[in-house]
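Shown below is the structure under consideration.
Letters are used for the chains, namely A, B, C and D, taken in the order the chains are written, and counting of residues starts over at 1 for each.
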Amino acid sequence: MAENKINVAIVGASGYSGEELVRLLLGHPHVNLSVLTSRQYAGQPMTSVFPRFAGYTGASELTFSEPSIDLLAEKAEAVFLALPHGVAAEFAVPLAERGVTVIDLSADFRLNDAGVYHEFYGAEHPSPEWLAKAVYGLPEVRRDAIGDATLIASPGCYPTSILLPTIPLLEAGLIDPGQIIADSLSGVSGAGRNASLPFLYVECNESLRPYGVPKHRHLSEIEQELSLANGSPVTVQFTPHLVPVNRGILTTLYLAPALGQADDFDQWTAAVADCLAKRYADEPFVRITGSERLPDTKNVTGTNSIEIGWAADPRTKRLRIFSAEDNLVKGASGQAVQSFNIRFGFDETAGLPI
Amino acid sequence: MAENKINVAIVGASGYSGEELVRLLLGHPHVNLSVLTSRQYAGQPMTSVFPRFAGYTGASELTFSEPSIDLLAEKAEAVFLALPHGVAAEFAVPLAERGVTVIDLSADFRLNDAGVYHEFYGAEHPSPEWLAKAVYGLPEVRRDAIGDATLIASPGCYPTSILLPTIPLLEAGLIDPGQIIADSLSGVSGAGRNASLPFLYVECNESLRPYGVPKHRHLSEIEQELSLANGSPVTVQFTPHLVPVNRGILTTLYLAPALGQADDFDQWTAAVADCLAKRYADEPFVRITGSERLPDTKNVTGTNSIEIGWAADPRTKRLRIFSAEDNLVKGASGQAVQSFNIRFGFDETAGLPI
Amino acid sequence: MAENKINVAIVGASGYSGEELVRLLLGHPHVNLSVLTSRQYAGQPMTSVFPRFAGYTGASELTFSEPSIDLLAEKAEAVFLALPHGVAAEFAVPLAERGVTVIDLSADFRLNDAGVYHEFYGAEHPSPEWLAKAVYGLPEVRRDAIGDATLIASPGCYPTSILLPTIPLLEAGLIDPGQIIADSLSGVSGAGRNASLPFLYVECNESLRPYGVPKHRHLSEIEQELSLANGSPVTVQFTPHLVPVNRGILTTLYLAPALGQADDFDQWTAAVADCLAKRYADEPFVRITGSERLPDTKNVTGTNSIEIGWAADPRTKRLRIFSAEDNLVKGASGQAVQSFNIRFGFDETAGLPI
Amino acid sequence: MAENKINVAIVGASGYSGEELVRLLLGHPHVNLSVLTSRQYAGQPMTSVFPRFAGYTGASELTFSEPSIDLLAEKAEAVFLALPHGVAAEFAVPLAERGVTVIDLSADFRLNDAGVYHEFYGAEHPSPEWLAKAVYGLPEVRRDAIGDATLIASPGCYPTSILLPTIPLLEAGLIDPGQIIADSLSGVSGAGRNASLPFLYVECNESLRPYGVPKHRHLSEIEQELSLANGSPVTVQFTPHLVPVNRGILTTLYLAPALGQADDFDQWTAAVADCLAKRYADEPFVRITGSERLPDTKNVTGTNSIEIGWAADPRTKRLRIFSAEDNLVKGASGQAVQSFNIRFGFDETAGLPI
């Protein structure tokens, strides 16, 4: 069995995405979790920071260490980066150059264009030469490329919830690319495990608030990927909201028929339903609820699944599509593990709750 | 002082809207709360059902009684109806016919057209002859008519959050009436104080879910009022979501410039801002936050205020407008009291937290 | 592998304990879930009621059926009963008489004395002759008896959190049996998946309340088991509180040294710590946190683990012991599966998150 | 009217207690809020930090300023200090020496003994000479002294919930002073408005945890006041827990009959009930619920009221008393305003929701 296990490291293992990676990788049948780094907790046993993992096999032997390229390259064949953008690149590039497979959960290598990075992230891209080599790690869309990648840029939480329902419809020419609206609700874990006043319990409980409009950073990758699916540039209205749950993203998409397709609305609706059903029929983590039942985040919390359902509106000749995911799993760490599974030839669902 | 007090009754005082009416009217300087009815709790002291009001002056003398037209007509000059639709009309009509001022929080008299009522509420309207006589009680829009009304149909919670930002813009011809999208988040009190599985704590906590699409009942009054403001029929996409807070509605409106106004987007945005600022400059309960700060329900919970802010999006040449209200106050009982104040010539803010 | 699987049924599978059994047994390596019954949902696919299980292997084939003794006896070697007390006995006895192993999550067979049952449950015990034959299914205390049992009475959620810390200390003669106080906080799922006003979201959110004093039904089994450990009758003060979380019980125990042991308080504290540490050293589901770190329900939610920690108080010469568990797992369904594993000779942790 | 208004300042107005003071004092009929200080927000309009107060009369004119003794002494007759302990004394003493009435919400002047302060707060008391001059501001116990005080030390949130039910029983000799246990649950606002990891939404939601045992700082004032009521030293077991609500403290007290009074338990229970009922019959903010209905924090949130109820336990011959308060109102800012009202001769309920 030992030959079946990959040595894996997590850099930045003490944030919420990092914690979720610890959970998933400790239970992964083909992973030996060899290194966890955390500047903040270096030297402390992992279970003293995350007591909930105390009962996991192997948990008691893990101690956070200072991040070091040499240590990581020596001890791990694959490294997950759960770091802020900007910092991630400092690890991703030297590790990838040494042949280590890097799965980066930050935004550093999601964009193809350094100029867009600068526009949305407000800084020069640190390693633009790697942008073309990195693969945007949305498994349902880029499975083959992920299988060959050295540097996988795992998608953001909001983009995942928006891209999966929308890409097939754009590729099929079913929706008007000029009228896409994405309205998203996110749980507070999306804000990270950082001491920050707006995310205190008292500030979030009994509060509903939009934020980050009109140019939330995730918009850059949303538009990039939708433009690729569309074959020409797409501009999107995206509105994130913060709502008092720990986990979960619920996205409501407002979509209109492509030019000329509104005439027979029922036929268009059926075509949309058919397109999504077929596209995701064999995907283990995409659950099409159709119009029978609308998605609810509580159905996917803790899992790598995304629910996608819809409601046609004959009165306005438009369609709403809803998606529900766990922002920390399908929206972050679970999806990253899914890419890891693809990259190393394991069953794509290995270690991932459905 | 006695001549300054109106005898007031609440029918259906044991639901959440009824409870909120009790709160507001017990503290109202010009109200003598003479009758509270509740079939469920008839004979019980009010404070045994709502202990939180035990310290209010006069609370200990209130006992729920069976609802009776005669009793109400005898004991009250004004009657608030916090009843389900269909049931409300059974009280509203006989009371109004006897000259009692009725402020109905149900949907029974909000629509002008009995056919629309039938379409959205699935039943024949019980008293269509009263539809034309009832006044839709949105004070910022119908202040004068409310002042003369015998039967005031107080607006629904969602409609209030949608109409106040949108009506002025339609009246001014600033927005495209064919592209209005209203995406709303509501706290669970909106579902009423009824034992029902989907609204149990465990079912709502850590859950985000859309519902009621595409034809939530409130859509009927939303479209009616927007059509009136527009001068011709308006069809709206409206999506309500249930989120885990007790109170609050956060509405995100997606709006586009009226035909021909998109060319100078900055000028259009300024015109929208100016329109809303001027329209609501003297309104005590409308707080324009502009684009500086976005609305948050926690800023208005417990009050009759609504926050309205916006974010222009030069990339898509569209505008988001956000509104935040307490669904039980400005969205229900507070607004009803505001209409009461207008009707009886009191200061419009009497008894109402701002 | 097939010979390694037991056919298992769940009766009353649509409540919260039933749902949790579905979750655990669908993922159990040695279980074939053959029958799910629910009067309320008979005829409906399981995943239409619990969409979150849609991705589990075998889930799509499960449909709720009407409960029937014949069906259950024919299709299952082991039956879990997640039914109200009183109703459970109607299934437990005939099934047990036909040789089916019954794991009853209700209170019907937890008590040894039909008189105590009558006192606490307000009804004659329906099958007193089975009280002596049933085994109280607290694995850490009754492992051997569980292995031989036909009818296992799985403990209540509160009792589990109280008995595990207290029994070893009573057996060792370390604490005063006359001064035991148990103060417990419970999440709302403990109230069951029943439409009931006091457990609506709005009624529980932002509410902290005691209830069920002084004779909560669980007190009967708490005192029974503590009396057995003590060798003579023990009377306990037990106060449950309802707090707004979905899952979790946090129990605070106030304990005093046994007669004559208060003199050297440090030595007594050390003896208590030693007693608990040794007793639970090899127990997979009991996590002793000692005095270093206090238990927190969020460390055990979703798992079958219980955390036990303490704080000595030299000023009052008393000790607080804290325990944290998931009321639906270690406090109900997980513990029942643990007993099932013992009974059928599987690894005790099979199918159970730690 | 002007002569009827006192100029009042709040120092440290940007924390949760400070915010609550702003709410209460903006609505107070006899207060002119002349100065708000906050180092963090100096120079910013108050309503930019607390938009919820935007509609209050006078709110728009308030700007946070740097704290300065001279400014405060010049502009205010009464100063509320909502500062951390240690810092509060730096303002309290010079202001009191200049004749300004100081109402200190910190712990700096609650204790009579500088040694106890050192023991519990880990620092030398900065102004021990003022300890004897300060008055512990629990109005129901020290009303007369508060009326004459220059420096009022307003009680802590937990102590208020414990002292009000217990002091009358100790004074009456009804309970055993050696067996008092206080088990308290607190909402997260008690931890203050400080960016701190353990109080993030995600860390508190779905978490139940004890903390601060066995010597929470509030224990010092609890024991001091109970010892005074008892006439000899009292030692208490006090266990605070953090639970996920914004506001509210629910305290469960475990009490035993005083020596010799256990024989007729019913008589003792009646005497306890009578003692509390009589003691608080005329107190506007103490609501005795008796044994009919148990306290619930949601009945008092936002108000200055405390609910006190009980449940006798004939089986153990002990009594549980429960109290529920809003930790920020009766447990902090509301009680401070109550003392202010007493001190300046206003109606004790002025400006305070009941």
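Here, contacts are C-beta pairs under 8 Å (C-beta built on N, C-alpha and C of every residue); 3 or more make two chains touch, one makes a residue touch a chain.
Just so it is clear, the model here is predicted, and its values are computed rather than measured.
Colleague: Chain A and chain C share one sequence, so how far apart are they rotationally when you fit their Cα atoms? Give it in degrees, rounded to a multiple of 5.
Modeller: In degrees, rounded to 5: 180.
Colleague: Name the chain pair with more contacting C-beta pairs, choosing from A-B and B-D.
Modeller: Counting C-beta pairs in contact for A-B and B-D gives the edge to A-B.
Colleague: Which integer distance in Å separates the CA centroid of chain B from that of chain D?
Modeller: 37
Colleague: In whole angstrom, what separates the CA-based centres of chain A and chain D?
Modeller: Roughly 46 Å separates the two chain centres.
Colleague: Nearest whole angstrom, what separates the Cα centre of chain A from the Cα centre of chain B?
Modeller: 39
Colleague: On chain A, where are the residues touching two or more other chains?
Modeller: Within chain A, the residues that touch at least two other chains are 187, 203, 205-206, 244-246, 296, 298, 301.
Colleague: If each chain is a node and each touching pair an edge, is that a line, ring, star, complete or other?
Modeller: Chain contacts: complete, every pair touches.
Colleague: For chain B, which residues are in contact with chain A within the complex?
Modeller: Touching chain A from chain B are residues 181, 183, 185, 187, 203, 205-211, 213-215, 235-237, 239, 241, 243-250, 252, 254, 294-298, 301, 311-316, 318, 320, 322, 324.
Colleague: If you look only at chain B, which of its residues touch chain C in the complex?
Modeller: Residue list for chain B touching chain C: 16, 187-189, 193-197, 199-206, 244-246.
Colleague: Along chain D, where are the residues that touch chain B in the complex?
Modeller: Interface residues on chain D, with respect to chain B: 48, 51-52, 54-56, 206, 284-285, 287, 289, 293, 296, 298-303, 305, 307, 354.
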